[in-house]
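So that you can tell them apart, the chains are marked A, B and C in the order they are listed, and the count of residues begins at 1 in each.
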């Protein structure tokens, strides 16, 4: 899958993560080229979240290396952090701040200019359908609204690499579809996306490649062909 | 385009202040606890004038340390419960700036409780605690143990039994502050010249602990 | 190579008729042979301990004022310094565990805490036994006694905190940091006599504080018995024990891995 010539933006080599004596990932290898949209599949506990945490530089590999844009994580992560965005399980938002304040705070942490941050925040909030709740405390938001704000927070600093951990959970159909549109737009802008989900029936329509994890190992890495994928998914013991 | 170090720290403090102004979760709990504590002490010890001079420093500092424990637990638990610390760690913010930001918020709230206690104890215990030297001692002491407290609360917030573990982890390490601050307070109240030695020791320990915390903070927030 | 314990166990269960003939799961714990150096250290420590006991209990003269109880001091003071070395190794282990992400040094740090904790308890206990006839009390809230007790509690807190953290990487990072900080209480205990003058605890090296009770003179006989004991407790004793404890921790981890394997198979 890797394009030759240009260096892959994400390089993962013999990556392992062991919690205590429990292996969560074992010898995972793959590369992702700039602009690719990868759907990360696998059952609960197959290592998807662990892999995304490693790719975001939040956690340290037990063995092997992760490189993003040529920088090794998490040792050289500071250089590349501004280029990575993560939508995690938890919303990663401050409950007692409003949507606008949350975005303004994180914008500052990413070193964005105030005016630039405000303008971009406004656009994003409109895109995720929260334009009318800008000045409401996040505490009062539903799970789905928090998820949407979380996505806006992640896109705020225009990261090159977007990591999404089960973003569809808690979203109703129409919002999930608007997320698909957002992701398609981000892909158009040349961003690299890795999105994890355990639901085969809810794959992002614009994803071109599937990576299936099973018990911490890569069970399949290739093009998404809906018909075949189901078979592979089954055989991977998911 | 990059936000400067100072601006980053200020943004974190500002965020904590804004949250606190809205919820008043920390300061109200800490203040009520501190108030109850000095009342309980004054009943339990049934102090006469001479005994009061002996113990008032101890009462003040034990109360302050316990109040800060309450605040620290909540302040860091807030960051962890929604996973916000992860969100902070994802940003290109230096870890030491995160530490200073969180620390400054905690020290500010504990310091406010301290400043509230001094006039209150002056009234309740019938001796003048509103002394410039005493206020300075209180502020330095609060600065020091809030530094250790922020580091330890960051650790215990990531464990399951965090409410129980923070006091166990922190009290032994807060002892050097308690020891020197109580002695300095006593010296000031009884007019002994040796308070300066204790104050200098307290300041020295505070500097050492603060630098250690600053250096080690990165290790306790990263997996 | 089969573990003799496992053999013994299967032998006994076979005799008792408990052994199921078909489904015997042989689990073998990988066991590294004891390194020759550790063997030598162990022998040296045991012999050294016997020798210093002899020096302290028989060779040294009886103190004129305190009598035989003074002999406890040949264990009391060295045991504190043994704790000092052990806790010092915890600091070293912590620094290296953080710098190198090393589990090995983390295990050494843990071993240092447990060994140091045991030594510190010996120190407190012998002190209390000595204080009973000399100070006429088992315990008093003297600054040095208080700080020694707090030191013990700090390391007890270390062990509790350690037990409360499940994720191994986190545990390594947190406990390294805590082990470094905890050493401050060791230093305070060491220097508190210099800082807080109103202690009644005697100082053997240098001048005792004015109110010290139960001082005795460091005669050549005392020094002759004390110095070997000090050297033993400062070096051989903690190092040998920590090494053994480290190996035990390695085996415990091996056992965990085995259990996991047995469960997943």
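Heads up, the rule we're going with is that contacts are C-beta pairs under 8 Å (C-beta built on N, C-alpha and C of every residue); 3 or more make two chains touch, one makes a residue touch a chain.
What you are looking at is a predicted structure, and each value in this text was computed from that prediction instead of being measured.
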| item | value |
| --- | --- |
| Of B-C and A-C, pair with higher C-beta contact tally | B-C |
| Centre-most chain, if every chain is reduced to its averaged C-alpha atoms | B |
| Separation of mean Cα positions, chain B and chain A [Å, integer] | 38 |
| Euclidean distance of C-alpha centroids - chain A vs chain C, Å | 48 |
| For chain B paired with chain C, centre-to-centre distance based on mean C-alpha positions, whole Å | 33 |
| Overlap residues in chain B, where contacts from two or more other chains coincide | 222-223 |
| Residues of chain C engaged with two or more neighbouring chains | 166-167, 169 |
| Residues of chain A whose C-beta touches two or more other chains | 59-60 |
| Complex interface listing, chain A residues touching chain C | 18-22, 59-60, 62 |
| In the complex with chain B, residue positions of chain C that touch it | 98, 147, 150-151, 153-154, 157, 160-161, 164-167, 169-170, 173-174, 176-178, 180-182, 184-185, 188, 195-196 |
| Residue numbers on chain C that touch chain A, as the complex places them | 101, 166-169, 253, 256-257, 260 |
| Residues of chain B touching chain A in the complex | 1-3, 7-8, 11, 15, 18-19, 22-23, 82-84, 86-94, 222-223 |
| Chain B-facing residues of chain A, complex | 53, 56-60, 74, 78, 81-82, 84-86, 88-97, 101, 105-106, 108-113, 137, 153 |
